[in-house]
Amino acid sequence: MYKNTLLEHLGIEFIKNDNGYVVATMPVDNRTRQPFGLLHGGASVALAESVASHGSFELIDKETEAVVGLEINANHVRGKRDGIVTATGTLLHRGRKTMVWDVRITDENGRLICVSRCTMAIIPLEK
Amino acid sequence: MYKNTLLEHLGIEFIKNDNGYVVATMPVDNRTRQPFGLLHGGASVALAESVASHGSFELIDKETEAVVGLEINANHVRGKRDGIVTATGTLLHRGRKTMVWDVRITDENGRLICVSRCTMAIIPLEK
Amino acid sequence: MYKNTLLEHLGIEFIKNDNGYVVATMPVDNRTRQPFGLLHGGASVALAESVASHGSFELIDKETEAVVGLEINANHVRGKRDGIVTATGTLLHRGRKTMVWDVRITDENGRLICVSRCTMAIIPLEK
Amino acid sequence: MYKNTLLEHLGIEFIKNDNGYVVATMPVDNRTRQPFGLLHGGASVALAESVASHGSFELIDKETEAVVGLEINANHVRGKRDGIVTATGTLLHRGRKTMVWDVRITDENGRLICVSRCTMAIIPLEK
């Protein structure tokens, strides 16, 4: 389902999605770098929001509900020039109308690159 | 300078950059959509952070300073399926060590799609 | 209605509330300072969230709806030691289930002290 | 040092402060409630920023450095009418110029009330 989307375009791959716990990876290369050769903060946020969306989608009733991003925020704490980053999403809150996710992005040595929090809205599907 | 970066990869183009006022566009297509055919929130944030970075870079002393994204946040308020979006960045605060930008993303009719605030850090270049 | 609440306790006073445009003031004194004599950032955020709540409450159908704060964020850009601050809230987005407010806090000379964005949730009253 | 400050005024008390791990409490009463009898979201944020500030202050070189709040954000996920709340702050990132804190506020049963992230700036003291 990620064919022909931003996720495929940035090389985002899901490794795990287990009931409020999601892991995904993204390469640091020409697709995700800013002009000075570092991982673009926007790529990190795109990864974080993808993780929260993916995890939320698995938890809703797909017959009657959909899920959309409402708010996202992120701190960029360390630069990275190549290799891959891994994002780990943890569900912090599961309400009737919103879910809140904590997403942490780390490098190959487990060092924190970016920390994000994402609020998803659960909306009833129009019939 | 945007060749072979996330900016080129997502189709981001700068229209204006004038002393704390930046305008850029981004297409809504396979490169920037999520799996349900809507503009991916992460693409909006990538656009917003690009605008803040681009605007900040023009204001620093490039001989002695660099600029990096510290924090970014965004509300997604309206979906969009195709066409282009336009981001307008306005410098809210210019400190010695940080700049704060307000970035608003609108559709072709001027309706708000996303509103973001981005904090940039001004760092001394290592010699 | 602000008697015996945080708003009275911090000295917050509403000056205007006109269809998505709200103005309120707060003193910078022992009630709102941090240990080093500056306006506490938390007091600024309390003021900002009060402004967004107050403005949202005026716009809902009070017979059937209530409004609660969902998310708030703020940048503190300038310190202040005494006097008063003025917060101006502007409605950025009015959806069926959420409202998004921009709130800017300034000093007596109009200089920016804090900029905040607040997402309010509109919830149906339980009967 | 909290005498005659917002912290005393809201009843904030520090329980622990141990090298990047801070615990504090705050009462839910007339001092911290909004007009509908619930804990004011702004009080939660004031508590969160106090925790991050307090923890950061212990980690800096007090002879040469000071610390100020740069950015704070918070999701309010559950209401509360009385009793006390407990905030637990964990240092996520310790850079040369910034620290990033995760702060979670819970009720007496450990249920999440609010989750916040706070960016502190470390600034050189002017001599």
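Note that the chains are named A, B, C and D in the order they appear, and that numbering of residues resets to 1 at the start of each chain.
Heads up, the rule we're going with is that a residue touches a chain if its C-beta (ideal position, glycine included) is under 8 Å from a C-beta of that chain, and two chains touch if they have at least 3 such contacts.
None of the values given here were measured: they were computed from a predicted structure.
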| item | value |
| --- | --- |
| Pair in C-D, B-D or B-C that repeats A-D, with over half of contact pairs matching by residue number | B-C |
| Selected interface, A-C versus A-B, where C-beta contact pairs are more numerous | A-B |
| Approximate Å spacing (C-alpha centroids) for the pair chain B, chain C | 27 |
| For chain A paired with chain C, centre-to-centre distance based on mean C-alpha positions, whole Å | 30 |
| Chain A and chain B, separation of their C-alpha mean positions in angstrom | 19 |
| Residues within chain A bordering two or more other chains | 70-71, 73, 75, 119 |
| Of all residues in chain B, those that touch chain C in their complex | 73, 75, 77-78, 92-93, 95, 100, 102, 112, 115, 117, 119 |
| Residues of chain A that touch chain B when the two form their complex | 1-2, 4-7, 9-10, 30-36, 38, 40-43, 45-50, 53, 66, 68-76, 79 |
| Chain D-touching residues of chain B, taken from the complex the two chains share | 70-71, 73, 97-98, 119, 121, 123 |
